[in-house]
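When the chains are written out, they are named A, B, C and D in that same order, and each has its own residue count from 1.
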């Protein structure tokens, strides 16, 4: 006999101002199965929960429905609440009358109340068919994988390792270090970026609990929280890491040349190379696209081989191939960072064709002492020192028509930093900054911006730039000073664009590989914008750094630490509870057709032979069997099943149909 | 039904929403206070592939005016491949409806992600308007009444 | 290749050179231009300042006549092209607009007949290779600036070339053998009808363009818009009186094509420019040192 | 005057403006890129972004009084480059049409030029430049403006002395009448 308790929450005025909660409670009081019905101001509060618990005891309830907010918000809370007084947590259902009702039907009180009644009736009809379910248990692999070896990945790995857990860093380029290694100075302190990053890189590489997997890609992720099976593709380095001593002799005579990506193509590098002098591991790779030997092999020849001749350790191995291997992890942290927006979409800024119109990251390399110009700020076109520099903010940011709709958060500060650096390096150079807004929330950030104007004499002009064009050796920048209401034209020697931060070009593919969400721009989605900033909707996968959205270094480092704590909390458990909402096959009904087997994305269903007594004889027949630790509860098999033997616990055919019928019945 | 009744017709629409994308999208519409007509009722399922086409037919049989099955975008399914099954199953069902005398415009499948609150608002609003224009699904409604009563007496 | 031909009012007067050279060049290239009978003014530059429907109705009549003949319309004038393209897009995109326009003009127009810019036809339908094949007198040694003005590439929905850096005239001039210089004023507005009603404003706008042209060291400017041509060509003498010598001939692209195809400049009306334009043609074939190339 | 009072005064105009332009001016975030690229910017009494601001704040009367809307050459550079996809040129055009109808004409000469143009097209079906110049000069009172070009134009056979008149003038006249009626109807259609 079902005895359902119904509790309608006002959520203060959030629900109460639109939905007549008392009327809803009244309307379902005599609904089949309902033994008790009431409403209250805040159901999730301490007194609200006590009210539920007391009602369960007093009215001998065996099922509970709470109509309040989204189950994504408070299902856990109420399940725990009923469990405390001995009710199975799966005998509980929620009706969402806030997000799906009061908040979206403001002012339509009558219709919203009717809708709330429908939703509660549906929940009651379902809960009447709920069954007692018990959570399962699964072991935990006590090792984490951090994808991405930038500052966020390094920091996260160090924090996990220092807590005593094993952690691997997977990095797709030949060295860890990420974007921070390309940056010259950091705001607002003007610390040398390499000076604070390099020690962290060294610490990570020498930590007994950390393993670096560089020049490798994430290929496939299988399994589930606590038990991920990750397939990694180790790309052919053409250098035997166990033999190489990192002496660098191989690079001295290499005739192959390619654009140096680390230096933003402002100079060339050799085909066998390490991306930068402080690279870790400091062992080279051969870029097969620009290596003469590999290029000649495509034409059926086999030339060069100078690096092999030069190498005293015999470490060069032209025959290496990509290798795939599978590792087990309990948790995964995504720390894949960002890319810089390509300003060549802007025709009005020259489609990226003017050599002296550069991006912020180009400037970082120009001003870096170990960069292509040994730290001298010069024009890429003729290597002359610029006398007038124009900086343009929000290039690609806050531009839904041609770029991205969002603010990239870091540009205001890095532009201010770069402006002061120009004034420091070239005191005679005039610097102008075109801006729409100056957004500098952050400790000592606004003070830094003000120093840029007041002490460094940088001229800030409020307005977007409409056009940049080459006239002779100079670039004419056409903008508007909206505060003056006048057009301004500046003849500049160098233009630095503050390009937006964008996700890695393959971030969406990567999210699909790992099974996490991403937003319209390709940033990975956190589980809750406020209360779950480092978690994802996939248990056991966490986020650190700019892969979740534009972030500066301090924010990335803070988020990395937060992700590490979540990982450690997970790895500290010996066993994990698993959801009991999995598929189950009624072997009495199963005909053994096997149609469900290929439908299952988790390979959780197998056909097995059972023995049964039939007509006094023992006969064998095949039936489907669900491995409940592999099953994730999607329900695909239940629809495929012809005999109706496969059912999804907590979302059974009977339960869903009960909801459908309840709704249709209210229409009569 | 009189013309006047048809004019004031407020359809009821059942939305099967997958837990990971569309349900979250509908929640986002709520937290963003995006307004839409109160004619829809959301039924939460783990994945759109959990929705047996028979559930949809049952709803139509019992007089629902419209059904929307909504899940994650193809390629984004929380369960990797679930919504591909949804897509195939309901493509066939939609075609079948026209032969069964159910106006297939009463039924839609849509992909709405957890970030697409505005899309949820737009999809349900458009659908409500479309179904309003078609009119009530009263084909089985009287039968349904009897059937429901019968079920009640059985229990 | 058959096209309905809409010369527009300017080509009958201030832009007579464009008319003459277009007809001559088209004949040579095998493009059959059939002039729309009894065509009317498209309304540029004033109808759109007066009302939405009047700005659509005037060009719609011409387009409807061409549609009845089953032809796309070749339009040399950039302003006429912009107005005609606008109505074509309007009737294709909105059934309501189509019905209203048909009611106003009393003729059917469905948008099937397309408004095509002449330069676009030369560049895309015919192709630069076909033009190159007809060149008998390559424009070697001639340094040219291409000037598109605003109405060939804007607004984006009617653009028949890249919005910020159009290349069709560049391609054609390169095919003719000229050296195309780059500058920042390819799509800058010449002032349009402002030169007529607010002379100083118009003059300032023209001056900016001519100053940049002077700085570039080019021999001449090439355009495909009669409004731009009239402003840049006619106003130079006014500029000279106020601000010192300006003397850069401005050609229509079709004039240049005619010259390269060996036609007599007089047949192309090159003798009718305000800024003397025949002597510059003498530079063709000469190197900068003065010898024969 | 109080801003809120002024906005209330402009309410009807603002509704008319929004309906006729069809542009969502609330999208404008005042970056100034429209003003920055405007070729006539130097000469306008208020820059384009301020016209947008007036429209955004619903102060249509002030916007209609500006000379900027008359000096706009409709080159659409603003629309093309707007990061928010706002059709700025359409805003200028709508304000210009409305200003004429509501009796605010800040640039009389520009307005007269358009009037003469429309009169000629209405009688001849085609433009006739000598008529345009003479007509404009008489209506603006600058009798000799551009007449220095008359003689060389004629000498160069660039101006026809006898204008072409469309054969089917009845059709063109009826077309113009119908279109103008529709424009009037749209104006009144609240």
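What we mean here is this: a contact is a pair of C-beta atoms (placed from the backbone, for glycine too) under 8 Å apart; a residue touches a chain by one contact, two chains touch by 3 or more.
Remember, predicted model here, so these are calculated numbers, not experimental data.
Chemist: Please tell me whether A-D or C-D has the greater number of C-beta pairs in contact.
Modeler: Counting C-beta pairs in contact, C-D comes out ahead.
Chemist: CA centre of chain B versus CA centre of chain C: separation in Å?
Modeler: A distance of 56 Å separates the two centres.
Chemist: Between chain A and chain D, what's the gap in Å when you average each chain's C-alpha atoms?
Modeler: 51
Chemist: Can you give the whole-Å distance between the Cα centres of chain C and chain D?
Modeler: Here the centre of chain D sits 23 Å away from the centre of chain C.
Chemist: Can you list the residues of chain B that touch 2 or more other chains?
Modeler: none
Chemist: Please list all residues of chain A that touch 2 or more other chains.
Modeler: In chain A, residues 348, 467 touch at least two other chains, as defined above.
Chemist: If a residue has to touch 2 or more other chains to count, which residues of chain D qualify?
Modeler: Within chain D, the residues that touch at least two other chains are 42, 77.
Chemist: Give every touching pair of chains, nothing left out.
Modeler: Touch list across chains, by label: A-B, A-C, A-D, C-D.
Chemist: Across the complex, what residues on chain C touch chain A?
Modeler: 162-165, 182-185, 212, 215
Chemist: In the complex of these two chains, what residues of chain A are touching chain D?
Modeler: Residues of chain A touching chain D: 348, 394, 398-403, 436, 462-467, 478-482, 485-487.
Chemist: Mind listing the chain A positions that touch chain C in their complex?
Modeler: Per the stated touch rule, the residues are 346-348, 350-351, 467, 469-472, 476.
Chemist: Which stretch or stretches of chain A touch chain B in the complex?
Modeler: These residues of chain A touch chain B: 32, 70-72, 96, 98-101, 103-106, 108, 111-112, 114-115, 118-119, 122, 512, 515, 517, 519-520, 525, 537-538, 581, 599, 601-602, 632-636, 638-640, 648, 651, 653, 656-657, 659-661, 663-665, 667-668.
Chemist: Please name which positions on chain D make contact with chain C in the complex.
Modeler: Against chain C, chain D makes touches at 20, 39-40, 42-43, 71, 73-77, 79-80, 87, 89, 93, 96-97, 100, 107, 109-110, 112-114, 117-118, 121, 125-129, 132-133, 136, 140, 145-146, 149, 152-153, 156-160, 164, 166-168, 171-172, 174-176, 178-180, 182-183, 186.
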